[in-house]
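Order of writing sets the labels: A, B, C and D. Residues in every chain begin at 1.
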């Protein structure tokens, strides 16, 4: 089990960024671990599939896959098997990210598969209604991200606080315990603090950290901001 | 560069089989390397994404990804970047396997990306016409596999020799040098020998090896059969 | 507005069956109208896109599209526009049928589009959890169909009553008014009666009517069964 | 059979434009027929699925579907059956438009299905290599359209003549008789004349006609330009 995996939670999605591919994914994960060690705040990372094993070997913080497929072991080529990312060291997976959207019944199937494989499920949604739909599938974590703000540096917690509060309201009416994250455009500590103030338990972030000139410093700022 | 990467060529697709996931993928790759070392025949392996790095570290034979996405580095979640599998140690990738079929323009884009990344492209097709279409996209290797025979143990080289000879004829009219493989239902050395006799330069195989009781022995038989 | 569009509701999905294509789609729709007229029970039909206009001209019962796309008018080729099926005479549309599954966010978008276009939305789901997810998107009608029973003649209301009752329970906890249908394997009046007894407000049926030797008689039996 | 269906050929894709939906699709098709009658030039139209029947009833020029699915009659919901658009009056179909791209093996399957149904196949491609791949599947007509120019008003025949000439060269090497169209950004007669001069047998056009203030006049200009 990874050390530190509780709320508040910061998950850094490495996407397919050059700055977080191969050796650089390990370096970035180590910075995330350093921040987590220094602040006591939970920081998880979601590297590309081919980097999961080396990242998971290098750090003890939670490692997520960016996606898995709705399959069991068998005759599937080019698919991502839950058991494969698990054996490589992942403790969970993103599901239905806006850049990797899935059919509804596949999300349901994948959440069930994560449970069977003892992986944490983090399902993404693009608005409050979709978040409510996702919660009906009983994931461990839900992250709401308005796709139009992803990568813009315009934080959802400021530009569209109603998306966050609307999600929190609808989701909490169905499930009082699921972890709620928000994401999109988050680049500063105050964006993180605002996200928590709106009722979330953390953030899902990507370019704000991965493309930062100094990822360690920005991530440290994020972690400190969760304590305000 | 991997040792031994010439015709005739045997590529073992590990798919999402339990027998070829995680540690077992490394063990199976080592058996493939042993066969290649003992026989001097080129044997490549295509493990799952999360296993590419450990397999490529453990063996010197050619390692293929099972798929890559038509993307350049950037804001893509849950995608497979050419640069990522390359840095993990892959020397090439399967493209458009019948279990991971792609849009035509994406196949074209991916072949271009493999070239830019100095990866070998192995594009799959399901019949002679589609093989001819694929060759127009200028891949390094083409593999024809009638999907209805995959996993059946009924070898394409016997059950549908006209698919293989038709492919060879149409493909050679367009490109005299591309490597032509065939696959589906290949479980014995004689199936491999038949495939070569029909004009191919090797085979793409999966369950015939991965699910064999003794993969080493069967693969060794395959390799010997290429010398007949 | 079509005559008779209230609970209990029988919707006949014409799929891409020869028996319900072109002129035959109009003939079948007329039989459905006859049953509706004779019994006073609401019967809707869902013909193929190219048949919507002629069916809607021929009958006054509710006509549904089998699918629409998550698009507004514009530069989309080969898509199905809400406004197009509406102008052709449809009063609603199936969404996310198990043979035409959609991404979660697209279902959400399409339900919103139906509302803007004053079309009824009938969203399909494959099990109780997915049904609960669908209801969060606020469709007018939901239909639960276990895909493994579709076309089998083994009625969901008998083979998997727990799927129906589970759906009714989860859905009613979220929305007390949405119309709940069930489908798959329904071929006899008693299957319909059983469906209503389990708490649904009707059935979504296809081969049970379309492929019947005498669709009128079977559909009449269905309609009578809703009155038991 | 429609009157006038020979080279040079102008096909107007109605897409999902409001200006070409429902009654307006019939009005626009009549303008196309008027131009064809007055000039003797072949003009085809590709309305939305739900409009095929009324358009085909109203005019005698060739009517195309914008897409069909790779299916035979059967248990398919929300799909477009060849036999359905045929019975509605279509004489052919667009396939693989850049806004409705398909898997390679599905394009192959659909071309075969059009042949069995006596429909003309018009397969789209985005560049010369993909055009060459498409021709291997033996369609009746091929249309090359660089997607980045679609809807821009920047004509492919001027902005990227090498895409057109490259396509003509590669395609003619494989098939001397297939009809070659080009499209994207074509808004004036001189664009059409340029397209023919580059070796094509006509154009595939959409917004240039559909969104024109006076579609009849522009289309008439197009038709006259084919005679230069």
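Convention: contacts are C-beta pairs under 8 Å (C-beta built on N, C-alpha and C of every residue); 3 or more make two chains touch, one makes a residue touch a chain.
The shown structure was predicted, so the numbers you read here are calculated from the model rather than taken from an experiment.
Ranking all chains by how far their C-alpha centres lie from the centre of subunit D, first place goes to A. Note: centroid distance subunit B to subunit D, computed from Cα atoms, is 37 Å. Annotation: 44 Å between the Cα-based centres of subunit B and subunit C. Multi-chain contact residues of subunit A (touching two or more other chains): 98. Screening every pair of chains for touch gives A-B, A-C, B-D, C-D. On the subunit A side of its complex with subunit C, the touching residues are 96, 98, 101-108, 125-127, 129-130, 132-138, 170, 174. On subunit A, the positions that touch subunit B within their shared complex are 13, 15-18, 21-23, 46, 48-54, 65-67, 71, 73-81, 83-85, 87-88, 94, 97-100, 150-151, 206-207.
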